[in-house]
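Next come two complexes, and both contain subunit A; in the first it sits with subunit B, in the second with subunit C.
The block that comes next holds the complex of A and B.
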C-alpha cells in the first residue's frame, strides 16, 4: 500500500514537472564568508529583496524564480568554480557585485561558456564591479553592468561640487595604486579644464596597507590644496580623513564610497561637510523615502552603500522579464539581454536604462554631503547624507569607451 | 611493495573512472583537488623533506599561472607550445624564479629563511597591482583554451584528464626523486645540514636546487589552475594562498610523501562542500587545523601510517571506533552551537525580528527558539557526552597498557 502510494506521488511529481515550465534559475555568486564578506552580504540582501519582489508579483511565466546562493570563497578562483557549478545546476542568470577581480573572472567565464555552448547562453548581471575595463576592452554581449563606474562617479562629483560652490580652485588627488585608483586619478585630471580647477598634487598609494596617512596629509598641506578628491574606500578613506583632521587641515573631501556602513560611525564629526556622489539618497523625495522604509521593513535596515543600486539593477531585471512574460517555455539569455537593452524604468531616484553599445547602465547620480541636517541618520550617529543636487542618467553618462567592441549575436 | 603497487594502481583506476561517476560540479571540485594536491606535494618537497618552511609559495604558484596565461595568449594553443604542454611555461618560470629566490633565501635557515621567503612573496604581491601590462590590473588577464591534438579542451572532462595527467606525472617525478641519492641528500639537509657540510657537500647549492625544484612544480600547479579557470588575477599572489598550502601540508602530514597531497585534496573538498552549507566554514577549517596540530602533530596521514607500523602499541579497533563516535558526537554538538549562534546574530534574523518577538530558526530540519532550554542544552549535552566518552576510553586504554607493562 505504502509502495503504491509512493509510486503515485513520484508519478505525480514527474507529471507536474512535465506540465509546468522549468523555473528560471538565478544564481548569486558572492563572497559570503571570510574577511571580505561584508559587501558580499549586502549584495545578497539586495538580490534577495529584488527576487522576492518578482516572485511576489507572480514570478516569471507562471513560475517563481529559483534563487540559489553560491559562496565564491573570496576570490576569482573560487568564483570560477562556483559559476561552473551554478551553470551545471541549471542557472541561466548569474548575479555578482562585490569585487571587480571576481567580476572580471565571471564576465570572461560567461563569455567563454557562451562561445562553447551556443543556444544555452548565460547572462551575467554585474551589480557592482566598477572597473572601467569591464565595459571597455572586456565588454561583451552577455554582461550588463547596473552600477556606476569611476567615470560616472567622478564626472558628476567634480561638476556638482563646482556648481554648488563646494569645490576650491586647488585640488589634490589621492588614490589607491591599482586600476580603480588609477582610473579615478585620470578622470580627475581629465576633468580639470572643463570643470575649472587645478590639480596641484596627485598621489597613488598602497591599497589597504597604510596605517598612518600623516605624511600624505603633510604633502596635501604643502600643496596648498583646498579640496581633496579621492576614490579611496574602507580604511584608506577613513584613516586619510582622520589624519587630515588631526593635522587640522582645512580641506573639503570629495569621495565616492563615504556611505560604506561604519564609515560615518567611525569618522564622526571628521566627516562633516565632506561630499559624495552616489546613485541614491533616501531623503530625496517621497518615493525614495517609501523605498527606504519598505527595504527596512523587509531586511531590518535602511538601504545603504551598494544596496540601493543593486536593488535598482534587480528592478531593471524584473522589468525586462515582465516584457517577456507573455510567452511560455524557457527564456534564452539573449532574449533577456535584448529586453534589458530596450527597458527603461523609473526608480525612486529617476529613470534607469542600459546603453546598448557597452551595456553600462545610465542612472541618476546624487551629490550629497555629510550633515547633521540629514533626515536619515547613519551608523547611529547624528550625521547623515543630505542631498544637494541630482544629475539625471543622461547628464551623468560617460562616453562609450573606444576599446569596447561588442559582438552581437546573429 | 606489492601492496603499495596494488594501492597505487587502484587509486589511479579510480581517478581515471571519476568523470563517469561524478556530476559536473563534483568533477570540477576534483580538478581543484588535484591542483591543490600537486601544489602541496611540491611545497612539501621543500618544507617536509628538506625541512625549510617557506611562507611565500604563492609567488611561484602565481608566477606559473601568469606565465601560462601569457603563453596561452601568445601561442594560441598552437606551434611550439600547444595547450596540453602549457604547464611547461609554468614549470620554466617556477624554476627560474625559484633559482633566484632560493639563492637568496637559503643563505639562512629556520625563521630567517621563512622571513625571506615571506618578504620576496610580499614584494611580488605589492608590485603586481602596479604592473598592469604583466598582471592585468584588478580584472586580471584572461585567455582561452584553444583546441590542440584533436581535443577541444572545452569541457570539464577534458580539462580533468589534462590536469590528472600532469598531476600524476609530477607527483610520480617527485616520488622518484625521493628514491635517488639526491632525494636522500635532501633528507640529510633537514636532519643535519652541518654534518652534510662537514662531509663536503655544498649545502647552499643543494638548498637552492631543492627550492628551485619545489618552485618549478608549484609553477606547474599554478599553470594548471590558469588552464582550468582560463585566467590569472593578482589575488593569486596573496599570503592566503601561501598559508592555505601550508595548512594543507601540515594537516595531511608534511613528512610523509602522500600526506600533503591527501591533506590538500581533503581540505579543498571540505571547502567545496561546506562553503555552500555554512558561513562559518573557515572557522571549522581553522579548528580542524588546530586540533590536528595539537593531537596529531604528524598530520592525519602521518599518524595513520605510524599506527599501521605499530608505533604507540597495538591498535584496539573497539577503542578507535568508540573514540571516533565520541568525537563525532562532540563535533555535532559544537557545530550545532556555532550554527545556531551564527543564525541568531545574522542580518536575516534581524530582518525576521522586524515583526516582533523572537522567532525560531531552522537547523537540521527542526525549528529552534532562541530562549528554549533545549536549544542550548542539547549542544552542551552532546559536547559533554562526546568528550566524556573520549576521555573515558583514553583512561581505560591507558590503564590497560599499564597493566600489560
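The block that comes next holds the complex of A and C.
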C-alpha cells in the first residue's frame, strides 16, 4: 500500500489554510467499506499509484498534489454527499469509477455545481463507469471518461470473436438489469446482423442478488445457444459460469469483466476458453510486462480488472497537468479539460486520447481468452489471459452519440 | 415437460438450502425470542472454515468439523454476549447481533480478502446424477438437498419424539416452571443456540463449495432467509420448510416466464397502449424473479401476519 500520498481529510482542511501556494487537490470518491468495497479499493490502489507517480516527478507547479479519499459507502446517495464534502474541502478534481449508477449521480452533481459556481468549476474524471448515457445524454464539458464503454467493449468482443472463429451462430444475451446491462443487451442485439449471429434469447436479471443461477442456465439450454454474451461482473458472472458448468452446458462465454480477482481461481477449468474484451493484457509486449512488474513492486499484485485502465487514466491526467506546468498559481478545471482534450499519450498497450466531442477515451482493446498458455497466471491457478487480437483506439471507437449535446464554456 | 421437471427440481433444492439456514434462525427465535441478525454470518463462517480445513483434513472431515467449530462460536456468543445483554430487552439483543454480523464480515475480509476464495466442489463429487432431455443434473445439488432433508427429519423427530425435545418445548412456553422442575434452562438455551449455529455452519460448508465463498455471502443469503422465516411464521420449523420450498420453486419458475403486464393487458385490448406507456407495464416477470419473495412477504404480512404456520400472535 502507498501511504505517502494519503492524507487524512480533517488534517487536510487545517493545513490547506496554512499552505502558501495552494496545491491542486484531487479527491477520490469511492466505496471503500462495506459489501461493495472490493472494486472501490482497486480504484483507490490505482489512483494512489498514479498520484504517487505525479508527485515523484515533482508534483504540479512546484507543489505535490494533495490526494484525499472519501468513502461513499455504496450507493449514489452516499457519493452525492461525499462529493459535496470533497468540493467544500477544496477538491478541484473528483475521481470515481466503480459503478455506472454512482457515476451518473456524480456527473449530474458536478454539472449542477459548475452551473452555479462559475469560475470555480470542478472536473469529474470517470475512471470506470461504462454505461453509454455518461457520454450520451448525460455528457457535459466537465466530465471525462478514461475507460471504455459498453459499445466499445461489446463491438470489439463480438467482432473479435467472429474473426477468430470463437463466435457461434446462436447467441444468448444475459445481463444485469441497470444502465450498464441494458446497454450491453441492446448492443449485442444491434450487432447481430453486421457481425453475423442470431440472438436466440435474452435475459435481464437483478444485480448481485441471485444465489442460484440454475434456472437461468436451464433457459439458456432450452434456447439452444452455443455462445453466451454477458456484461455481468462479480458474483453474477462467477455464479452464472459455475451453474453452466454444473449443468454440463457446452457454451463459450464472451465477457467484459472476467479478470476480476478471484473469478478464475473460483471457476477453475470451467473458465477455460472463455473470452474477454478488455483494455489491457500483461503479456502483450515488453512495456506491458514492465508496467505489470512495476505495479506489482509498488502495490503487491499484478494490475488486473479495473486497475490497468484506471492507471492509464491517471497517466492521461498527469500528461495534461504536465502541459500546464509552466505557469504559476492555481489551475482551473476548464484549463485541465482543454489540456486533456489535446493530450495524446502512449500507454504500454498503445495510444490513448480523449475525444473532444463527447469526452470518451479512445484506447486499444484486447480480445483475450482464458488459457493455460498465458504467461501471467492469475489467482494462483494454472490459467491466465492469453491475448488473441488487438484493436487500436481508432478501430475500437464507437461513433459519438447523437444524444450528447455538449455546451462548451466561453 | 423436462423443462418443468428441471425447474421444479432446481427450485426445491434451492429451497432446501434456504431451509438449512433458516431452520437455525427460526429455531433460535422460537426458543429464545431473539431475532439473530448474525445468523447468516454463521453460514459464512462455516463456508470459510471448511475452505480453510479442506486442504488439511479433506472435504468430508472439513464439512463436519467446520459446523462444529461454528457451533462453538455460537455457544460462545450466547454465553458471553447475548446472555449479558438479555436483561436489557429485545432491542439490545437485536443490536448486538447486528453489530456482531458487521464485525464477523470485516474479520473475514481481514483474513481472506475482498474477493471470493477458491473453494469448490471436490472433483470426485463433481459428476452428473442423471440426464433428462439433453440436460444433465449435478449430483452435488441432490447431495445438498439430501443433507437438508435428513437435517429436517432429525430435528423434527428430536423435538417431537424425545425427552430432550419435551424439555426444550416446555422451556419456550414456561421457562420458570421448567426451571422449578430442576432443568437447567440457560443450558438448554445455550445448546439451542449452538445447534442453530451448527445448522447454519453446515449449510455454509456445503453450499459454499457449490456457489461461491465470498465476504458478501452472508448479506446475500441473509435477507432471503429473513423473508423465509417471516413467511413461514417466526419460530415454526415446519413453516420454515414450507416457505423455503415455496420461495425456491417460485424463483425457479418465474425465470422462465417472459410475461409482462402489457401482455396481460393485451388480452383486454390495451396491449398497444401499455407498450407505449412502457415503464412498469413492460417489465417482464423473469427480470423480477429475485424480487418475488419480497412480494410474497408483503402479502403474507398483510393477510396473515403470524406467517403461514406461525402460532404466536
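The rule is short, and it goes like this: the second predicted complex is superposed on the first by the 390 of 410 C-alpha atoms of A that agree within 3 Å, B and C clash if a C-alpha of one lies under 4 Å from a C-alpha of the other, contacts with A are read in each partner's own complex, and residues count from 1 in each chain.
We adopt the following convention: contacts are C-beta pairs under 8 Å (C-beta built on N, C-alpha and C of every residue); 3 or more make two chains touch, one makes a residue touch a chain.
For clarity, every value in this text was computed on a predicted model and none was experimentally measured.
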Which superposed partner A:81 touches (first subunit B, second subunit C, both, neither): first
First, second, both or neither for A:379, with subunit B first and subunit C second: second
Subunit B versus subunit C as contact partner of A:41, first or second or both or neither: both
Contacts of A:108 with subunit B and subunit C, given as first, second, both or neither: first
Which partner reaches more residues of subunit A (counting touched residues only), subunit B or subunit C: B
Touched partner set for A:268, first subunit B, second subunit C, both or neither: second
Contacts of A:221 with subunit B and subunit C, given as first, second, both or neither: second
Contacts of A:189 with subunit B and subunit C, given as first, second, both or neither: neither
Subunit B versus subunit C as contact partner of A:248, first or second or both or neither: second
Subunit B versus subunit C as contact partner of A:73, first or second or both or neither: first
Subunit A positions touched by subunit B in one structure and by subunit C in the second: 37, 41, 177, 206, 209
Partner subunit B, residues of subunit A touching it in the complex: 32-34, 37, 41, 45, 69-71, 73-78, 80-81, 84-85, 88-89, 100-101, 103-105, 107-109, 112, 116, 129, 131, 133-134, 138, 177-180, 182, 206-207, 209, 296-301
Residue ranges of subunit C in contact with subunit A within the complex: 3, 6-7, 10-11, 14, 17, 105, 109, 113-120, 128, 134-138, 140-141, 210-212, 214-216, 219-221, 224, 248, 251-253, 255-256, 284, 286-291
Of subunit A, residues touching subunit C in the complex: 35, 37-38, 41, 177, 203-206, 208-212, 214-216, 218-219, 221-222, 235, 238-239, 242, 246-248, 260-263, 265-266, 268, 379-381
For the subunit B and subunit A complex, residues of the former touching the latter: 23-25, 28-29, 32, 126, 129-130, 132, 137-140, 142, 144, 152, 154, 156, 225, 228-231, 233-236, 238, 240, 271-272, 275-276, 279-282, 347, 350-351, 353-354
